[in-house]
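So the structure is just underneath, and the comments pick up after that.
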Amino acid sequence: MRPNPLRTLWSEGRSVINGWLTIASGFAAETMAHQGWDSLTIDLQHGIVDYAAAVEMMTAISTTATVPLVRVPWLEPGIIMKTLDAGAYGVICPMISTRAEAEHFVACTRYAPRGTRSFGPQRALLYGGPDYPQHADATIVRFAMIETAQALDNLDGILSVEGLDAIYVGPSDLSLALGCRPVLDDVEPPVATAIQHILARAQEHNVVAGIHNGTAETARRRLEMGFRFVSVSSDARLMAAGAQQALAQVRR
Amino acid sequence: MRPNPLRTLWSEGRSVINGWLTIASGFAAETMAHQGWDSLTIDLQHGIVDYAAAVEMMTAISTTATVPLVRVPWLEPGIIMKTLDAGAYGVICPMISTRAEAEHFVACTRYAPRGTRSFGPQRALLYGGPDYPQHADATIVRFAMIETAQALDNLDGILSVEGLDAIYVGPSDLSLALGCRPVLDDVEPPVATAIQHILARAQEHNVVAGIHNGTAETARRRLEMGFRFVSVSSDARLMAAGAQQALAQVRR
Amino acid sequence: MRPNPLRTLWSEGRSVINGWLTIASGFAAETMAHQGWDSLTIDLQHGIVDYAAAVEMMTAISTTATVPLVRVPWLEPGIIMKTLDAGAYGVICPMISTRAEAEHFVACTRYAPRGTRSFGPQRALLYGGPDYPQHADATIVRFAMIETAQALDNLDGILSVEGLDAIYVGPSDLSLALGCRPVLDDVEPPVATAIQHILARAQEHNVVAGIHNGTAETARRRLEMGFRFVSVSSDARLMAAGAQQALAQVRR
Amino acid sequence: MRPNPLRTLWSEGRSVINGWLTIASGFAAETMAHQGWDSLTIDLQHGIVDYAAAVEMMTAISTTATVPLVRVPWLEPGIIMKTLDAGAYGVICPMISTRAEAEHFVACTRYAPRGTRSFGPQRALLYGGPDYPQHADATIVRFAMIETAQALDNLDGILSVEGLDAIYVGPSDLSLALGCRPVLDDVEPPVATAIQHILARAQEHNVVAGIHNGTAETARRRLEMGFRFVSVSSDARLMAAGAQQALAQVRR
Amino acid sequence: MRPNPLRTLWSEGRSVINGWLTIASGFAAETMAHQGWDSLTIDLQHGIVDYAAAVEMMTAISTTATVPLVRVPWLEPGIIMKTLDAGAYGVICPMISTRAEAEHFVACTRYAPRGTRSFGPQRALLYGGPDYPQHADATIVRFAMIETAQALDNLDGILSVEGLDAIYVGPSDLSLALGCRPVLDDVEPPVATAIQHILARAQEHNVVAGIHNGTAETARRRLEMGFRFVSVSSDARLMAAGAQQALAQVRR
Amino acid sequence: MRPNPLRTLWSEGRSVINGWLTIASGFAAETMAHQGWDSLTIDLQHGIVDYAAAVEMMTAISTTATVPLVRVPWLEPGIIMKTLDAGAYGVICPMISTRAEAEHFVACTRYAPRGTRSFGPQRALLYGGPDYPQHADATIVRFAMIETAQALDNLDGILSVEGLDAIYVGPSDLSLALGCRPVLDDVEPPVATAIQHILARAQEHNVVAGIHNGTAETARRRLEMGFRFVSVSSDARLMAAGAQQALAQVRR
């Protein structure tokens, strides 16, 4: 089976720079995949992307060595398994608040007898190779998002779920959960403290810590803090920022 | 944030005439949006419409002042939040039968700490404006459909859920629930009685009462009864009725 | 091969009532196909419809006995042949102004040695049957639109092209060509005269005369004049008219 | 209402040969529907197919007498009801492990008061006919997939759920559940034993037994064992096998 | 009819800053339309965009005041008229090399008796308003691309075609035509001379001169030279450039 | 620039086994690309495939080493150039009947000053590499289809067009052109003679000869005759044949 470069990078003590896709377009995804991201996450939660678009986008990413990941809309088994069958090499699940939810999520991504993932890889066989069935469980990576007040309470329970490879901090939702303004980068003090805490606990549990960032500067800072999976901005935001900058320059 | 005309109309004591979209087409939706409906509901439940089509249709409606609403397929968090992120200004949730379901539904549409909606407006920011995050909770409208026997039993519990703006009667399902023929307009007496009861309870709880109608005549009658949100027919039915009428005239 | 009901109707001296499709939706097309039209024309010229949508719509129409026709965007061989391969049982070609154009159009719809249509029916084989190759030339119907000043000058030349089954009058373009307002029904006197003239010449040449109409009333009048193929309104216009009528009734 | 040929075949003691669709294409589905399958199942679980594609595929199948079935991604009410409203004449639900799940599944496919299916057939009315509402419950067929260890434990409970017409064995998942290699045809002994057991219990409960097969040979063998609904390979696998055979012949 | 801001800006002696769309996505187009471009050109020639996508993108742009333009793939009447019917307020036609081609192009965009555009605005009526038919000819803007050696020879002939509002220089093709490297910004001396010449002739003929640019800096320089319509980069290039910059910053 | 394996194979005196795609599906195309074809031709002429589908299919093919080719609908510049910009590494143009048509076709695929292809590779840059502009003309392969009576008359003229790499025989159309039944494999004697003649002339002109085949057996025979590019069946036909064979086996 085609190995998962994320596992390789992490095992070598290196970090992953992840891009973020919210535009439902194979061409946009393929363009992004040529820019040098280690992985690209197709956002089926907040992105304007559904399953059919995600398949086209994963296919486009598969023309390169960039790793295709998905964020699913919710802890719903149907879509989690469908994106895996379509070739996702990692799944980010939002709003995991309890150990039970984390266990349920991990189970959805593993075949029996260890999990409840139903067997029927299709595009996954093409992408991963004919021995996908034997190695999928050990190759795919699983991220639980930590972004609710309840998750903070249950943090150790979540982090100790066998098979959970990583957690992923959503600073905006976490901010709201803590009664702060929903921002990605300049989080308010309670959020900064919580993020520090989540990172420390994840490191303690030997679980990779990842986080969403609005800017490269914040991503860099998060890497320096010890995060090993950082996302930066998104396709649409990079485009919009580029457009505003260009317009300002022309109109200056 | 762009205000929600439905709230304005209701606060002025006026009613809302709502159109119904079941055809997955931006052009059909845009055409409907130019006919003068106060709002248009994209039916992701019984309409032949999925999320991707709904985004295109909401975009088309957004070229006018008509308010884009959705009816979601079921009380499933993923799709509720995805349609909100895509710019829906109101959500109709089918088959709410208990107070707990109503609370769950409302929570899905509100940000923490009052709800569980995950933060990440995308098209919603474009449609609503940059201050969408601050005002979304107070701007979006929430309709719980009352159409099961169990809902009749739990009516006051449902109607007293904080944050539920409106209920929406589905006469066909309500008829079936009461052992009657599934019709929209000429409902059988037990259904008529139940509708009258629902309306009275909603008025008592200061919750807007809405209802689905097959014809303009029934819609008008429902307004006179005190309903303040009436849907009339649907894109496909208006087209089919027009076709039958035209064919009859030509062949007469 | 599945026979073409249009040829049967015409051979029995009867007329064809045709519906018009401008919405790119299989469901809308299937709904229209259940209303009783003899044929439905998918408008790839002015409709918001392209080839991919047309295939889906032809498939939807094929679930009924209604005959699938297309209006192509222009006298361009690629799209004419693609729609035939996808199962169209008739083609309306706009803006035929000369005998040479009419000959070119007819040639595009017939196999060698009589025409230049390339061989490769695909969906057409499924819809028409395995003997489609032998009978297609004699089954498909061809309409040249008469709607330019030049076409009026070349009318007899166009009408005498072997293999042209019918002409189709476009009242709006014809009106513009004669310096009048572009309307479908209440055409100005010069247009009325031209339409009368086209009909008379078509009858003389034993070519079926068809015409586009905005309303059932006009269509009926055209049938009485001798037209044997009348289109009435369109999917989008019937829907919009129904919506306006419904809204007026509710708000009355 | 258009009758369901599956019920007819079964009532006559005959079996159903079912094809399997994983390619999201109306044309591919229509091509398959012309090959002589009794029914075709659109696989929304492991197939690369979503709801929008399924509608297009059901429409394509509806141009023939082949019966359109769906396998849904999971026991999730939204998609089960949406595919029924779009005209599916049968639903296969994966991973049914308990009597409660089986009851929930059956309820999702029946109208009140016997079930919780919401009323609003759309394409189903076009395909089934105007009396669809009265007869749908008795016409649609329901298959619960038996493919988990837990389902084996609860087999009699599942099989005795009123309204469950059939079970469907997934040999790959069942193999994994029993600690064996995930294969369709040459299952390991524990799986063979389990399949024999499931068949016997289904026959005892007068529930139709169906099973997924990789090859025609296995399907034939399963029919001889007493299975009355057998699927064979899939669109993509038949195509791939044909390609490999053709390439081998040319390169030989 | 909704006026065309491009004509207003030009009549006031101001210039137009145009964005460029190559990604087939309504959401990407809507995002771009919110950044402040005067107009956005949907590139159906070199963009990965076809008609169906263009309609969705024009609809998305129509939610803002940004003007929707298209570049058509070639001087082919079918697609020129289809994009106009879908609401394009301007058309850029590539590779105009002769006066006859320029005349043909302009004719395709005007109704009879002055042109050959066929009548049937659909989305154009929704976007432009009910009086679109009377004012479309005078509202739409027409750009002929000057980018071949032959066009340089026929420059005055092209520029004197009545109804041609603007020319648009394609520096890459023009470079190739002159035997130089195909670049947008740092063109080789013969190309720079040709561009200067085209600008001067356009000014002499009172035709607006436009040009494609890779960077804001070049666009600004072109404005200073006297160009009054400048495009800057594209959606995909802005996104890719932003991604590379972000990655460099994180990895620095 | 990524080299074109077809040129390599031919320069080494080897032949190309080509698969044929008529189903508009990225997943079907990707599945086919994993079976071992040297190249896959996306049939935009007779296949049920348009440009948008072709892009998705080329992307899917690009995940493998199989070479993506297209057959365009007609000698129409717009679509020829769009498919090249989307990454096609070869173009088959149908119905080339004269030397002038062959020259026009070749010109459409080459940049100025040798051709008229407009500059703007987009996906082609991603697939081919950043130096695509310099090498595209020498990398892409061009096939003119020989399938009309007129083409036989003009054979040497066509074959001597500089830049035409190959011809491709369409046996069905050629059969019709010679007054025979339209078949692919068991062609009638006049067609067999013509094919032999075309092959001999192509060899004389040092132009690669290719041909369409219905079966592997015929393809093998054509290779033995000297053809160096053979297509075998198609995605849909392989699937249908596999289905019929499976059904026959089960029902035997």
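Lettered A, B, C, D, E and F in written order, each chain numbered from 1.
Operating definition for what follows: a contact is a pair of C-beta atoms (placed from the backbone, for glycine too) under 8 Å apart; a residue touches a chain by one contact, two chains touch by 3 or more.
Model, not experiment: these values are computed from the prediction.
The chains in contact with chain A and with chain F alike are D, E.
Ranking every chain by how far its Cα centroid lies from the centroid of chain A, the top place goes to C. In this entry, C-F is the pair from C-F, A-F or B-C that repeats the interface of C-E, since more than half of their contact pairs coincide by residue number. Residue numbering at the chain B/chain E interface overlaps substantially, since over half of the positions present are found in both copies. For the pair chain A and chain B, the distance between mean C-alpha positions equals 34 Å.
Our note on geometry: chain B versus chain F, Cα centroid distance of 52 Å, whole angstroms.
For chain C, residues touching at least two other chains, in rising order: 22, 24, 27, 31, 34, 48, 50, 52, 55, 76, 79, 122-123, 236. Taken as a graph of touching chains, this assembly fits none of the simple shapes: it is neither a line, a ring, a star nor a complete graph. Looking at which chains touch one another, you get A-B, A-D, A-E, A-F, B-C, B-D, B-E, C-D, C-E, C-F, D-F, E-F.
Contacts from chain E toward chain A in the complex involve residues 17, 19, 22-25, 27-28, 31-32, 34-37, 48, 215-217, 219-220, 223, 230, 232-233, 235-236, 238-252. Touching chain B in their complex are the following residues of chain A: 22, 24, 43, 45-48, 50, 52-53, 72-74, 76, 79, 94-95, 147-149, 170, 172-173, 176-177, 179, 182, 236.
On chain E, the positions that touch chain C within their shared complex are 50-52, 55, 76-79, 81-82, 85-86, 111-113, 116, 118-123, 133.
Listing the residues of chain D that touch chain C in their complex gives 26-27, 30-31, 34, 55-56, 59-60, 62-63, 122-123, 126-127.
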